[in-house]
Every structure is written in C-alpha cells, then in structure tokens.
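Each structure below appears as structure tokens.
Same chain, two partners: subunit A is paired with subunit B first, then with subunit C.
Here is the complex of A and B:
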C-alpha cells in the first residue's frame, strides 16, 4: 500500500531528476535555460517508440538513433535560437527565454501534426520488463533508477576532466576564462549537445513508464525546472534529491486527494521552498556580481 | 499620446461603419486583448520579466467575474474590481518567491502557474463547473440600461484607453525608469537605493490586475466561458502580440494588436497552422527583430527626425551636502579560500577626500563593495556617520545616503541621459503610486522638480547639452560623468568612486580632477579607488594602500608614496632593489 507510493515516487522521481540534470548541463556554462527541453524529452520518447514500431529496428539501435537526432536538434537550437542572442552586446537580455520557448512550440506542434495526439507505447529494452514482480517492483523500474544514477555519475566524472573543468570555469567567471584561452561559445555548444543526449535518454527511459504523448513535454519541463530550482541550480545532487521529493509529493497527493491536484501541490511546495531558501536545497549563492 | 487619442477616436466611430455582429465582436475582442497586452508590455517589455502564463491570469479574472455574476448575482461593477483583486493577489503570490531570484525563474513560474490553473479549472468542479464552464454571464447594467452591442464595445474601448493612460503615466514616471533599470542594469537600480524585489512584485500585480480586467470583459463578451477558452495558446498569443508590436515600446501593444486583428481572415483559414505560425513568428522576431514593428518604425523614421535641441529645462542651485564620517573597523572578506580583504581598518573624516590605492587584485573594489553592501561582510564593522551598516543590504545603505559609481559605468541605454540621472533620485520622490498613475498635480510638480535638479547636476558635470540623447550613444568617458551625476542627485553623505580615471585621456583627466574637487567642495565625503597616483596626490587628503587584501600603508599622500613598502608593491621589489643597486654603484 505505502510501498507502491514509494515505488511510483522513485520511478517518476528519477525521470524528473534526469530532466533537471539536463537543465543544469546547459545552465552551467551559459546561464540560460532551454525552454524546449521538455519537448526534447517528449520527442525522444516518441521518436524511439516510432522507430521501434515502424522500422522494427533492434531496441538499442533505435535508442542510439534517437540520442543522435535529439542531440542534433539541441545543437541546432543553440545555433539558431541561443547563440545569436547571447552574442548581442549586453547578452541580449532574456531573449533566449522567448526564442527557446518558440523552438519548443515548433517541436510540440510538429510532433502533434505528424504523430497525432494518441500516446505511444515504448517497450522496455530486452530482457527487462515492466511486469510487476515481487515487492510490486518491475525489473525495468530497478534498471531505470540504476540507469539514472549511472548517467549522473558519468556526467560528474566528465566535469572532472579538462573540458569539464573548463565548463565550470566559465560558469564561475566568463571573462577570466576567456583570458585562459577557453572559448565559451564552443563549450556552450558542446553543453547543448550534451544536454540533448541527457534529454533523449530521459525520454527513452520515461517511455516505458509514462505514456509517450505530445503532452508529456510541457509537464516534464515544469517538473524538471521544479527539480532544478528546488535542488539548487547547478547542483546535480540537489536536483536528484528534489526530483524524488517532488515525485513523492505527487504520489502522496494523488493517493490522498486526487491526481488532478498533484501539479498544484508540488508547484506550491516548490514556491514555498524558494521563498524560504532562494538558492534551493543544495545550491550556493553567487556573490561576485560587481 | 496624440496617436493613441487619434486611434481611439477612429475606433470609437468604427461601430457605425461595421456591418454585422461578427465584426463588432472581433473589434470588441481586440480592445479586450489590448488591455491585457498593455499590462504585459509593462511587465515584460519595460521590466524585462517574461510572463509565459498571462492567459492563466486572464482565466482567473474571467472566472472570478463570471462566477461572481452568475452564481452570486453580483453586479458587473463589483465583479470587475473583484476580478482585478483576485488576479492581483494571484500575481503577488507568484512573484513573491522570485523576490531574490534571477529573472528566468519568473518565466518558468508563470508557465507552471498556467498549467496548474488550467488543471484546477477542471478539477475544482463545485466552484468552476468543470468542463461545462460558467454559462449565461450577463451584460453590465446601470439601472435599467444594458451595455450590449455597440454600448459594450464603447465601454471596453473606454477602459482600454484608461489602461493605456495609466500605464503610460507609470512608464514616464520614476517607476518606469526603475523598471528599465531592473531590465537592463539591476546593479544601477540597487546602487540608487531602489528595492527591485518590491518593484518586480508591483509590476506583476499591476499587469495581473489588467489581465484580470481583460478577463472580466472577456467573460461578459463571450457569455459562456469554459476551460477550453484558456489553453496555453492564449498565453503564447499574448506574448507574440507584445513581441510583434515591440517590447518596451509605448505603442507596441497597439501596433501588435492591430496587426493581429487586421488579418483575421488569414487566421481563420490557417487555424490549423496557428501554433506553428506563433512559434515561427516568435523565433524569427526574437532573432531578427527583437524590437518588433514599433522598433523598426522608430529606426526608419528616426533617421529623418532632426535631433532635439538641448533641453532648456530650468536649473536649480546645487545644495550643500552634509558629509558623513566613515570608519571601517577590522573588516574581513574571503571568497572560497581566498582572503580578499584581511582585518582592514581605516578612518575617513567627514567632508574629506580619501583614496584607496593598490595593485590589481589588492582588494580595493572588494572594499568598496563591502562598504556599499554589495558583498556581505565576513567580520568587522563599518560605520557611516556613527551607524553600523553591516548586514543592512545594498539598497538600504544607498537609501541611507551612501552612493557609488561602478568601474564599468552602469547606465540604462534605452533611457536618455537626464533620465539616467533622475534614476538616482528615485527614493527622494514622495508622490504615491496612485498620484503618479493618475498624473495628479503633486506628481507632475515633483517630476518637474526632479528634472530641474537632474539638469543642474548634469550641468555640474558638464553634460547638460546631451541631456536628451540616449545614454547608449554617449562615449565611455562621459558615461562615467553621467554616473557621477546620478550618484550626486541622490544627495550622498558619502560618495564612492570606483576608478573614475580609468581609460580617460589626459585632457579628460584634468576635467575629472577639477570635478572631484568641486564635489568635495559641496561637502560630501569622497572615497576614491584609483590607480592614477598623480590624480590621487592632487586630490586626496589621506590615502590607504592595500596589497593582497592587507593594509600596506596609510597617511597623507606625500608620506605614503615615499614609503619603501609601497614603492616595492607598485614597482615590484626587483625594480626597487635595482634602483638601490644603481645608487650604490
């Protein structure tokens, strides 16, 4: 009874966390937020399901193609909608909010036109299954949580590498890193591609547990943002923690009230948290502004 | 203003020329949406706070009004203010958490709010009637008279004009200038003592209230409202109209709304492709025409318009300023593991000029940021006129009469030179928001006084001839003078200048030297962070030399610049030993 709430929270929470982490990947070097991120995740789930259903390719090949396509779209998003604005004198204000929102609208509408509103079913990769086993947990759910942990661990290892540290250096001080010969635009582009990879993986992993439908993008964008903001922008550990908390709150609300209230309850909870702790659970306040 | 009156007059005559109810319906809807977009333009265009959820605010307004009128039999004249109050409160709740947060949080919070509202409209069925919506919203009445058809159109038009008027007054006031500071250069606003958090909330509540009024009109016009009327598309539509018309342009909302509604045929035929068109439109506009149609028109016509001659605004005499004593006692600041300022103390008597010098990275600017509250202090006390200011926050310290300039001048490029200076007097104005919004006599008188005052400080720094030029067109060296005028207009008791001579030519340097002497003669205490030792020697009564965060020497310029430790820090120890060696030889 309580166990299935917990299992549900762990499953959904890992997806929220992964979307939040993909947000962090872009935020670190660019201080921007891709509003198309939710729709990239959605497209990842639908694309993978479509390739499997229509072309009957092997599961892992379909997933590989999906990752390549989604990260390509993320690269294009940076090229078309973000880089031109960030290169304006003064950083172009917050124009990227509107331009990435527009990219998200285009993706969502195109998918809606081509695939239609019906949810797609993405099967889990063999040999895993979504059949509930002992303790009410499926083998896929176990693999999902482990997969998310592995992806985040891989990212953390990447940030210890030379390139990874350069990305963190830009986040700290853009001008100083220019003096060190670091090219912020190149690393921003790289980060968009990387976040596309994470978004695609999030979509593929979400497919078998959520229904892969057009509406998924909008809701995952908000959940991912909530996880990132509540956890502390830039802190992957905080984002994972917050992702699970939000999913747990959702599961409890759905059980105690009605599923229709879960968005409202977690939204208000995140707002309250930000009111008390603007930097989130594990974020740090950035002081050097002048 | 003239334009808006002309357009409103034409619009008022429109019902006589229109045939059919459908055309009148479309025209009414135009002015309903215009009202919403005017509020969105203040928030997003001028304040730079992107709202992606304005449709949800319209929904809240529409439902409050509709439920009030249908289920509680309230009159329209009560339901309208209730709708504005309801959305205003929702807006305040949403904006409150973003008080201290970066702008993009706000955008996502509005997006999340929109999702939550669209869910609740269905979920809260006992109140909202779920999918079937609220049916039979009556038309407004006065006694036995019913505002329907043309009469309702004129009512909407009148309210839209009122919304324009009030918004226009706000934008032209100190609030408008502060909003543009929030958008373009928040640090400049904080330095002028403006509480940006409160300003954000105010802007959002105002724009939410206008969306609420629009919602109430929308409900009346449609007579039936359902959750279907308020999808995400509506929010995107409002955003597109304001971006198309021109963000932060006074007539942007009008141009955007007209452009949209003059092409209704296009939209009905291409209904299926609407979101694709919205998306492509938003993307192309943000990349290629971020200033929208209004911005493009300004660009074309601006070339032919003769430059305005320098304003002959009256100039008032400069008042004497009461200098405050500054005492820094054992102040420490570390960043991570790096100690930027270590156990530093200094004393500046009231009304004197004190210089802080030292090599790059010695902690000079950090010290200035600690005194002005831009960085929190890790330990020690900072007394201004005997009052400890540690922990009071940059805005409060600026309000207390401590003003500063920045190493790279922080001006608002979209404001004129004189408006940038007037920003510094934000906290001195006493006219209430209501007085400003309605442009009542006291607000007008005060605005004129502020302008005259700003003009006199501009003349003081020698830039009165450029008063009406956009600040973005001013060369770097003069931008610094504008910043000084902005600091002075706040009547500082303590003025801190961060490297005012950096990048100036020799001739400009002489002018700056004379200017700082004149500022000191006004009575205020001046602390100057500077590399230029000649300037320091001729200006300062006392000098503090920093090296890697530590106090190296303090005293009169003559004594300090002869100190071997100081020479070593500045010229390098080897240069010093080199001179000694050559002396010995």
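Here is the complex of A and C:
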C-alpha cells in the first residue's frame, strides 16, 4: 500500500534534487544564485520535446543537442548578467538577483511566444517506459532515480579533481584562492556551463513525468531551492537527501492529510529544520578567525 | 502701464495663451473629422509579455467579423478599424490602456482577456461610458446594474457548473460524484455552482471535493482520493492543460476511467498527445449547442462557415473549439446591428439599442439583453460535447459531437 508513496517520493525527489544541485553548482564558486535556473530546466524539457517532435531525431541525439544549447545559454548568462556585476569593486552587491531574474523572464517570454502555452509530451529514452509494471513502478522511474544518483556521484568525483578542488577553494576563500593563482572568473564560467548541463538534464528527465511546458520552471525552481536550503547550500549529497525528504513528505501529506497541504507542510518542515540546523542537513557552518 | 513694447508682458502672455487655447483644439477637430470616416474599436490584448502569443488567436473571430462587416460596407457605411492597445495581460495596465483609448475618442472596446483584467478595465470603462465586451465568464460581469456598459456574449462560469452537474445527475444518473478543481476564482465559482445544482437535483453533496493549487506538480494523490471516496463520475474544473493531462494520466495509470465532465479547454487538441485516447472516451466538455452536431442535427450553416475560417488561422490550430467560444465575433455583429438601428454612433443611443436586443441569433446562441441584465446567453444554448469526437471527420475545426442525451 505504501509502495506507491515511496515510488512517488523517489520520482519527484530525484527531479527536485537535480534542480537543487544545479543551483548549488553555481553557488559554490560565485556565491550567487541564478534565478533563471528554473527557466533553463523548462527550456531543456521544451527544446528536447521540440527536437524530438519536429525534427524526429533519435532521443539521445536530441538530448545531447539540448544539453549543448542549454549549457551555452548558461555560459551566456554568466557572461552578460553575472560576470560584469561580480567584476565591480566590492563584488557588485546583489545586482545579480535582478540581472538573472531578467534573463529568466526573457527566456520565459521568448519560449511562450515561440512555442506557445500548450504542454508537449516528452517520451522517456528508449527502451524505457512510463507504463507501470507489476510492482506499480515503471522502468523509467527506476532509471530516473539511478540516473540522478549517478549524476550527483559524477559531480562529487569532479569536485575531487584538480579543477573541482580549485572551485571548492574559491567557495572557501575567494581572496586566498587568488593568491594561489586560481582564476575565479574562469572557474565561475565553467560552473555556469556545468549548471546548464545539470539544468538541461533535469528538464529532460522531468519531461516524461511533468510534461514539457512553460510553467515547469517556476514550480521546479521553488522545490529545487527548498531542497538546496534544506540539504545545505553547497552540499550536493545534502541536496539529494533533502530532495527525497521533501518529496516523501509531500507524498505522506497527500495520503495522510490532504494533497492541498503538501506545500504548506514541506515549507514548515524546512523552516523548522533550518531553525534547528541553519546550515541544512549536510551543510557546514562557516567559521572564520579574524 | 504701457503694454505696446516689444517685450513680453504678463498681459500679452495671457492674451497669447488665451488665443492659443482657442487654436489648440483645431488640429484635434480636424483629426476628429478624418476619424469620423471610420468606426474605431478599441482592441485590448497583450502584444508583449508571456501571454501575447497564447492570447492572440482568441481575437481571430473578432478580426474575421471585421473583415466580413467591412466587405459588406462597414457600419453605417464606415469602415471598421481597430485601435490596438497592449495590456500585457495585466490588470495593472488597464487604467492606462483605457485612458489612451478614451483620449483617442474611442467609445467601443473589445477585450481585454481574463476576468481579473476585465474587472480592472470595467472600473474605468464604466464611468467613461465606453461600451465593452471582454473575455470573462464571471457571472456578475453580466449584471447591467453594476456594469451598464459591459455586454457579456458568452456563458457564465455558473452556467458551466450547472450544465455539468445537470448532465451528471439527470442524464448519467450518477449520485456519487467527485469534484477536482483548481484553487482559483474560476475553480471555486464553477465548483460552487456544480455543488449547488447537484444538491438541488439530487439532494446530495459530492462524495469528494479535491482542490489543488496552481503550482501542483502531481495530481495522482487527488485522483486517488476521488477513487477512494467511491466516486462514479468526476467533474473537473481545471484551466491548465498540464494539469488536465496529469489528471487523466493518473486515472489511466490507476485503470479507473469514470465519466468525466469539464471546462471547454478539454477540447484542446494537445490533450491527445499527452493522454491515451482510451482515457478520453468517456469525457465531455461544456460547449455551445450551436457548435455541436448529432446524427440527426447539423451545425448551423453560419457556424460551419466560421469554423472553416477559424480553421484556416494558423495560430488557432489545436484550440479551435476554445476560440469558437470567444465573444468578439458576435459582439461586433451585435454592435453593427445596434448602431444601424440607432442610426447613430453616439454611445447613449447605441446602448439603448443593445439593451433592447431580444432573440438575436448569434453564432454562440440566442442573445437577449435588458436594462438590468447583460448576460446574453441562456442555459438552452449550453450543452455538453464529446472530447473524443475531435477524431471524428465531422468535427472539422471547432465542431464537436453533442454528448448523448444532452
């Protein structure tokens, strides 16, 4: 009886976690959030669905093109909306909040104009299917959870490489990393591209579950931020844990209370968690000797 | 004091200003004279912003009406021209938009789209005595005492709710119904009307009412609750195609396919790409009787012709039925009839003629107005049609097969 609750939690939680991870990837070297991230996820889903529907290309080729295009847009976002602000004396304050929000609005408006409001069906990659099997689980749901865990594991391995450690060094102390000859701008640019790859994958993987539509970005960005905050900003393992936790809470609330209370219950739970552990589930407190 | 010197004295400045104030209106008078050669209609729609492309096709019927009217000689011999204003689909933009139209001397307005937008614009068109017809279905917008210059040529959300409840109770004889509605003014109004009518007809309340937020990412839990409550039929009040797709897919996955009735946007063709056809076989949408056919009854010729024209509009592809339910085509023809009856374009005379409209045969039904009611469509013109009939060759464009017994 509770298997469907678990399946629902793991499916939705994987997507929330992936969006949260894409937020994290940017935060680490830049201390900024890309408010257009949800729109990149949405664009990933719509672009892949459009390529599949209009150009009839093979699924994996369509997904590859989507990842390249979205990571290119993420690179452009850094170039136009973030780097000029961060390069100002004193880091440019919080101007990136407005500039990345503007990028998000531009993307949403452009997609709305070009594609229109109708949702599109994004099929799962062959040979997977969204049809429920005997246990009430589809092959796509199993692959989705495994795929998201694999993506996060790959990111963790990347952060152990020389470049990854340089990014972590910037996150730790930007000024000190400059003394070590690390170029924060180059690594920030690389992180934006990487976040674009994760956002595109989040969109492509969310499409078969939530459909590819203009409204997809906003709702997933809220859940992604929730997962990032609860898991601990900067901790990918924490975000994946929090993503599953939030989705599980949603599913239990829907079953035990009423589906309409899902958002309220998960927000209260995250707030309570942050009151007890301000750094999130697996985040680290920043102590600095002055 | 001598004011004949060459410098500008205060008295001379005032004299020039007075002369200038007399001269200033002259270009406007001249422009007004030119404008009188055409019949200008304010055209409020978003031309920028996220909703610009999705709202654009909703005005297709109005543009077709203008082409037809102009081809037939215009209104009182004047060519109808539109004065387009961009409202960005925002209620906040309406005051400025209405002011621009009023300043330009426009007295007749088509648009905006959406109940919040229409309500916002009515706050300004009403005192400005501008005759208006927007796309909104809230029942009180047809209250002529409250909004004497607004004319509603479409059904109200209450009528939609009642039609769905009546079919479920009287035709399908279902007593355990479930309601699945979005948490919006539309969902609440339609849901309340459904509950009221169902109670009136059966003496019972719905077995389960599920209200979901507009941000819901999964409707399976709501559908499960309806199934668990033993519902034998479901009435859905949802405007977002993503949510509609999610709900029907959840039903299909649970292998639970009860009769479902819902809003006119169930006729959106994109639903067939999202949901297996089997899940839509027992689904009906509220629709205008004039757009439906049966084995014995054809769609009126005028509707068939308009359906062909709408089907030729590129942007209307897949949403023909929704566009066919928009009021602009009928409103412009009604306006023409009223102006020609009044033999004047003066608002007071045209309003008097519109208030006297009785039994006007429009494409959406038979329209009746009075001094106290501008809700033009009666329940006899509201019916139900099969969603799956979109695949029937007889259902070209906006046409759909009427639900059995409706």
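In this text, the second predicted complex is superposed on the first by the 283 of 290 C-alpha atoms of A that agree within 3 Å, B and C clash if a C-alpha of one lies under 4 Å from a C-alpha of the other, contacts with A are read in each partner's own complex, and residues count from 1 in each chain.
The definition used in the following text is that a residue touches a chain if its C-beta (ideal position, glycine included) is under 8 Å from a C-beta of that chain, and two chains touch if they have at least 3 such contacts.
Bear in mind that the values here come from a model prediction, so they are computed numbers and not experimental data.
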item: Superposed partners subunit B and subunit C on subunit A - clash or fit; value: clash
item: Contacts of A:78 with subunit B and subunit C, given as first, second, both or neither; value: neither
item: A:109 touches, of subunit B and subunit C: first, second, both or neither?; value: both
item: Partner chain(s) touched by A:28 [first = subunit B, second = subunit C, both, neither]; value: neither
item: First (subunit B), second (subunit C), both or neither touched by A:274; value: first
item: A:251 touches, of subunit B and subunit C: first, second, both or neither?; value: second
item: Dominant contact partner of subunit A by residue count, subunit C or subunit B; value: B
item: Partner chain(s) touched by A:132 [first = subunit B, second = subunit C, both, neither]; value: second
item: Subunit B versus subunit C as contact partner of A:260, first or second or both or neither; value: both
item: Contacts of A:189 with subunit B and subunit C, given as first, second, both or neither; value: neither
item: Touching both subunit B and subunit C, residues of subunit A; value: 108-109, 113, 218-219, 222, 258, 260, 263
item: Subunit A contact footprint on subunit C (complex, rising order); value: 48-54, 183, 210-213, 215-218, 220-222, 225, 240-242, 245-246, 253, 268, 270, 273-274, 318-319
item: Of all residues in subunit A, those that touch subunit B in their complex; value: 32-33, 35, 80-81, 84-85, 90, 92-95, 97-99, 101-106, 108-110, 113, 218-219, 221-222, 225-226, 229, 258, 260-261, 263-264, 267, 271-272, 274-275, 278, 287-290
item: In the complex, subunit B residues that touch subunit A; value: 48, 50, 52, 93-94, 96-101, 103-105, 107-109, 111-113, 115-116, 119-120, 122-123, 183-184, 187, 232, 236, 239, 243, 275-276, 278-283, 286-287, 290, 335, 365, 369, 374-376, 406-407, 413
item: Subunit A to subunit C touching residues, read off their complex; value: 8, 12, 108-109, 112-114, 116-121, 132, 210-211, 213-216, 218-220, 222-223, 250-251, 254-255, 258-260, 262-263
